[in-house]
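Shared between the two complexes below is subunit A, which has subunit B as its partner in the first and subunit C in the second.
What follows is the complex of A and B.
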């Protein structure tokens, strides 16, 4: 029983692979992930596509501990013990949830700079699911 | 102006309309929450149903019940379709219109809301509200699989998020914005475990110390096992009647005098603020307005504490504390059984247990007994309570209800 079916996953591949956002032509707000309406003005049509830089800062985070991962992530958790998930505020404005990698769990903090990297997320029933994770940057980046 | 308020059943007291009776609760039942390997969902429902019928002081002929509103998520898919008719059938309720209401962990409070609306529409006089869930039969992988279905599946789930993770992300942000130490979250667990230790229907009837609460294994940093509700089996049932008919069934009905509901984005990354729940504030505003009261009038409350941070946010969203100050109520004892405004005298989701669909109606079960002065254990009776509030949240705040009750 795959959690996200291939067609469901495939429908917003451009968001997931290319960090493609929708800029509202009515109010200018950058919406990511794209959805049926503008988050600021509720406009439902008229968007232009823009690609996000993938850079941002940690807005909040958690570390999913031993034994509590959803089933499709149990393999990852068994291998690493735990993994970090954060809400990242992208430099263009929108926020997105993703796993955080390359950060020392002890030093994870709100406000750290991160950058999107393309990664395999998990594998279920022979289907590989790709997407973005965010990697901690050194202070200057 | 005054005449427009002169609805049937209202009481005029000096120059104040003190009660706006929207519907009355005249009976309530609840199974113990926890492990029930020997009972099916139908049998759990039947047990709570029999207790509810038996609790109607002057008796109720089941043939008078014209509608059944069932709240359930259907964790594990035990009966995906028509579960409400299946339950009615099991206890021989042949004359009801059966409805199923699903809003994740808030399912049965939304069922109660629909029931009150059904009564206010004048279509029904006597209805039944039920909440049921069977979670313990499943392997923990399957339970986690099903629980995740109530969140945002496209992005949060793809990031490996869990419900504990959602509330953990809110907790991290809350602690950051308000410079709050984790120990104040654990104090909620200590209080609710103590209350649960006095509740014969609670899953965990064991008090814990602050040290134990702080050193439990991490679930989703900064939350640990003792910050979380468990998975549970259970059922709860309420008998709701038209306010004007209440005294036919009991001399001590509990009236619903206000209610409200709100919703919000599923995904946390779509919310401007993560330190409170907008859906709760919407629901509370409506409920207070309808009951024409202020948060300060509430004597005690059952709030949605699926994770400890949720209770602290509820204090603020319900107006018991200012934004950013809810954690102070955990510290100064205001919300203990003996405090100024006891919160979760039942032990809350944390200690009483959280069979998803059964939780909302079980909060009302607790309030029904507290307001009538019939708490099963005198040591946990809230003294002199006249006005109670229940607060139930679906998922990580995508839906919420608030109800006000008066004697």
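What follows is the complex of A and C.
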């Protein structure tokens, strides 16, 4: 039996890998991840695909230490001691939960500028899951 | 059916590869992991460091695999060339350490880049020669279908061996991507030659193993390196009717800091020609990304109308030699961000224990 959901993986592929969002043609709201109906005006027809820039700011964050990582991230937590997870508000509006990298956890601050980088997120049943992590822009452009 | 248009013979292009005349590098990008470990850390841990000429090397982070590094380099390359991702019709990926031995990796690379699904995707994974193999594969495809679309070559590697094995000492990690095309060419591909002949015992991975082995017969390995690289380079020089002094820059596969210098000297090249493309001292052995990374460093600095030689080596054994000539466009296409120099300066040093954890040798 497989625990990895292939349909969910396939459905979210363009969102997760390419940061592709749906812009509502009725009210202009940018929906991410893409949904069947607009989160703001509930319009169910008329979306245009837009590529998000991947640039944003830290809206909130936390540090995951020993004992608090979900099973798929426990190997990473063991190797690094702890890792940062944040809510990133993208310049286009949507907020995303993602790991924050390339910054010292002590120096993390709400409002810091970050940029999406394509990384391995975790491995499950030998399958590699990729996606976006966010790197602090102050250090590396 | 589209009529096949033959390109006119250009006076600056010699040999029989004149059909390639207009195809070349339109843009490139690199990804060099931030983490570095210095040779002294190995000396503290093991009492010695076996990779001669390597001062420090790049280390892939826990979540930095060859697909992720390749995507990062490819994004820079696409940006540099200014082409639309949908224009890419051939994607060639090279790595001796792909995430999967069976299952395409190119698909994971093209999705975040927004490529069309109508892509001829090839993967080159069996030796450190894979980088030039991928380069020539994309080139051959463009040449075969007519050169109006673009090819993307991604060489991304993070060689691995057992931590107790001295061949591991020099292994680094890096990715480089190059956009091939015929519109805004920075460096034309003037010609290439290859050499392959049977050798064994050097740098191999049996099925069911993910760590590289080596029988450790150093003298034999060196002899093979010199013979195969010399052969592909000499054939190319003969074909193009040029001599070592006609090249401004030379980039040869760098498994360590010494072997490429020896073979270059034997072929009649001078140290100055090697300097810009010799990165192993500060990156370690970047496997199949080695020579294209050196080429990127050269293109960062090269002026117009300069000839560049690139020669790879892979165990088993084979070598590809490629000659490129820069165009006037190279002047205006100088990159401000992502230069090899800047990527090398942007680093943080780690100790050996952190290295073991990052490379998942202990878990």
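Note that in this section the second predicted complex is superposed on the first by the 134 of 141 C-alpha atoms of A that agree within 3 Å, B and C clash if a C-alpha of one lies under 4 Å from a C-alpha of the other, contacts with A are read in each partner's own complex, and residues count from 1 in each chain.
Quick note on the criterion: contacts are C-beta pairs under 8 Å (C-beta built on N, C-alpha and C of every residue); 3 or more make two chains touch, one makes a residue touch a chain.
Remember, it's a predicted structure, so these values are computed and weren't measured experimentally.
Model built by superposing both complexes on subunit A: subunit B and subunit C fit together without a clash. By the touch criterion stated above, A:129 is placed in contact with subunit B alone, subunit C being left untouched. Look at A:63: by the touch rule set out above, it reaches subunit B but stays clear of subunit C.
If you stand at the C-alpha centre of subunit A, subunit B and subunit C are 150 degrees apart, rounded to the nearest 10.
More subunit A residues lie in contact with B than with the other chain of the pair subunit B and subunit C. Residue contacts after overlaying the shared chain place A:39 against subunit B, while subunit C stays out of touching range.
By the touch criterion stated above, A:112 is placed in contact with neither subunit B nor subunit C.
Judged by the touch definition given at the top, the superposed model places A:17 against subunit C, while subunit B stays out of reach. Shared-chain residue A:73: touches subunit B; no touch with subunit C.
Of the two partner chains placed by the overlay, only subunit C lies in contact with A:120; subunit B stays clear of it. Of the two partner chains placed around the shared chain by superposition, subunit B is the only one that A:95 touches, whereas subunit C remains out of contact.
The minimum CA-CA separation between subunit B and subunit C in the overlaid arrangement is 13 Å, rounded to the whole angstrom.
Residues common to the contacts of subunit A with subunit B and with subunit C across the two structures: 76, 99, 121.
Partner subunit C is touched in their complex by these residues of subunit A: 13-14, 17-18, 51, 75-76, 78-80, 99, 101-102, 117-121, 128, 130, 133, 139-141.
Residues 34, 61-65, 67-68, 71-72, 75, 99-100, 108, 111-114, 337, 346, 357-358, 360, 363 of subunit C touch subunit A in their complex. Within the complex formed with subunit B, the subunit A residues making contact are 1, 3-4, 8, 12, 16, 33, 39, 59-71, 73-74, 76, 82-83, 85-87, 94-99, 105, 110, 121-122, 129, 131. Put simply, subunit B touches subunit A in their complex at residues 140-142, 144-145, 148, 152-162, 164-165, 168-170, 172-173, 176, 217-224, 267-270, 274.
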